[in-house]
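Pasting the structures in now, so scroll down.
Common to both upcoming complexes is chain A, partnered first by chain B, then by chain C.
Then we have the complex of A and B:
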């Protein structure tokens, strides 16, 4: 599971959905792998406004990455295409480019292969196996 | 070209699926591909999610099975939605389906790098219960819609340990039973074929964002007219509109969009 995915998940227990403690779920015993993903700076910079940044900082630190406490401000840009068809940032400053590369590595290319995600409200542990998280609750919790 | 002729885009390969018990790409799957490829639907989604001025949509498919539908919309995102800054998630109750889907989508996106969206993950989940509320912008559901006298319970998957392995070739009686059970989950819809779809409609207002749209497949046995009444009866401006309809053997299949 990619680190970014954790920004869209919360505890499957009905009573937990309204609890602020059920998001983000907390990584535990995570085995990480790095998986190459095509770099898409347009996606990353457009995605920033809709991300829950504090939750991302928490998830990242649980996996050993330090993100800035404040959501980075990326200068708006116009997308153009390079010769090989990849989207490139035109007019993006060197600092922005550095930030986006860092975010790409942490959010898109860091994969939890095995491990758990724990709800801060009810304590339920969701297993992650072969990168697939299991959110099917046992019958007694449904 | 008229707006009723779907664009011709390549169908994702599922040749890596050999004997895993997942729902194979079928008439209903292909009808979903055609629905998204209709010029009229491309016009609808591109005006609802305008590129450059609105944040990247989150696209989620429930019950990915082979992964062919998600792979298609993800690989052809630029053509279908006029933007590549889309993130996608796949959900299925079957661990085997999720591992298969990961391969199907990754392969399709790698084959179409200049038009592909970003696929995040497959997650084992009962409908959308794993998701943070109100975050889905495009939701796709090809439900178990066949009317059946019995509706298989999820308890075998919930309480068993069998989800930890990918089933390929059934060897033991246990494997064989599991395979049969997984396949029954892909089609058996219980009364009117609506038992699973009804549960999703109950969750819809908590799952979709304000701009969110559900693409739902129904068969004639689901009594689409009654489903439309139910959706409009939810109030708050919910509506349900027909996108495409087709006879497939003895079934009449239709795709609907539900939004507010």
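Then we have the complex of A and C:
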């Protein structure tokens, strides 16, 4: 379970759909690992507007690291070419580059290998095993 | 030709042996690659996107998303833990979830730029083990898919309906959820014919 994914997941239990407490799910007993993934700055800047920043701050603190309280801003840019991935960002400012690298590390490369995600509304625990979260619900909760 | 859908539920059908057999078959790999590339073409994404892969299995389609131009990031969901175990072994880049699309997708609104599904959604037409009927499962799936896509988002689902009735049932569930829906058939009138359901959020169908 990556923090990226966690930022989009909410409790699947039917009774929780309208509860603001069902997002984000809260990490418990998490074991972390780091996995190297290709850096994709354009994707990150596309994602930034739809990240729920307070939720990301909460998730991060549950995993033991601190993010700025405010969502960082980056200068919107237009890709000069879709073919040269990394090179596209070379024109971006140093601050933006730092922000994007930080986001990459947090969202894409930090993984919860074992642990649980717990709903703040109903208390249901979604187990995480070998990085895979189990969202299969008992049928009476669907 | 026997259809796996007619025998066992997918989490039981794709056990460890079947999952590995499926993933390592070069014929399956080639067909999956063709269909994934076609789905990507139909999505026509011009910038790196966040894509949901529904019924991602062992990550055959996901790998193509990671390596495409532009490269995409994907989150995969599958009901078979054996298939996901093969995906983990193959060290795919996508994040993986164990889940049943017939229970609905557990994502908040507007999460994804796009979604793909290769050879999976016909499974929704089976009752689950608790006897939940296909109509209910289809509407849970399409309603939650619609919500989890961004406005102007798109989904392409390649699927194998058993017959015209099943095809129509799937299409009408998608339309009922609010999608603009179009059906596209490649290699019609052959035994390799492939059917794609092309879904748009807040758009007109192109049927």
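Please note the rule applied: the second predicted complex is superposed on the first by the 130 of 142 C-alpha atoms of A that agree within 3 Å, B and C clash if a C-alpha of one lies under 4 Å from a C-alpha of the other, contacts with A are read in each partner's own complex, and residues count from 1 in each chain.
As a working rule, a contact is a pair of C-beta atoms (placed from the backbone, for glycine too) under 8 Å apart; a residue touches a chain by one contact, two chains touch by 3 or more.
These numbers were taken from a predicted model, which means no experiment stands behind them.
After superposition onto chain A, partners chain B and chain C are found to clash with each other. In the superposition on chain A, A:49 makes contact with chain B only, while chain C stays out of contact range.
Common to the chain B and chain C interfaces on chain A are residues 1-2, 4-5, 8-10, 12, 23, 37-38, 40, 42-43, 46-47, 50, 85, 108, 130-137, 139, 142.
The touching residues of chain C, counted against chain A in their complex, run 46-50, 66, 69-73, 75, 77, 79, 81, 84-85, 88, 93, 95-100, 103-104, 106-108, 110-113, 128, 130, 132, 140, 148, 150. Touching chain A in their complex are the following residues of chain B: 55-56, 58, 84-87, 89, 93, 95, 98-99, 102, 113-114, 116, 118, 120-126, 129-133, 135, 154-155, 157-159, 163-164, 206.
By the touch criterion given at the top, residues 1-2, 4-5, 8-12, 23, 37-38, 40, 42-43, 46-47, 50, 52, 79, 82-83, 85, 108, 111, 130-137, 139, 142 of chain A touch chain C in their complex.
Those residues of chain A that touch chain B in the shared complex are 1-2, 4-5, 7-10, 12, 17, 23, 37-38, 40, 42-43, 46-47, 49-50, 85-87, 108, 129-139, 142.
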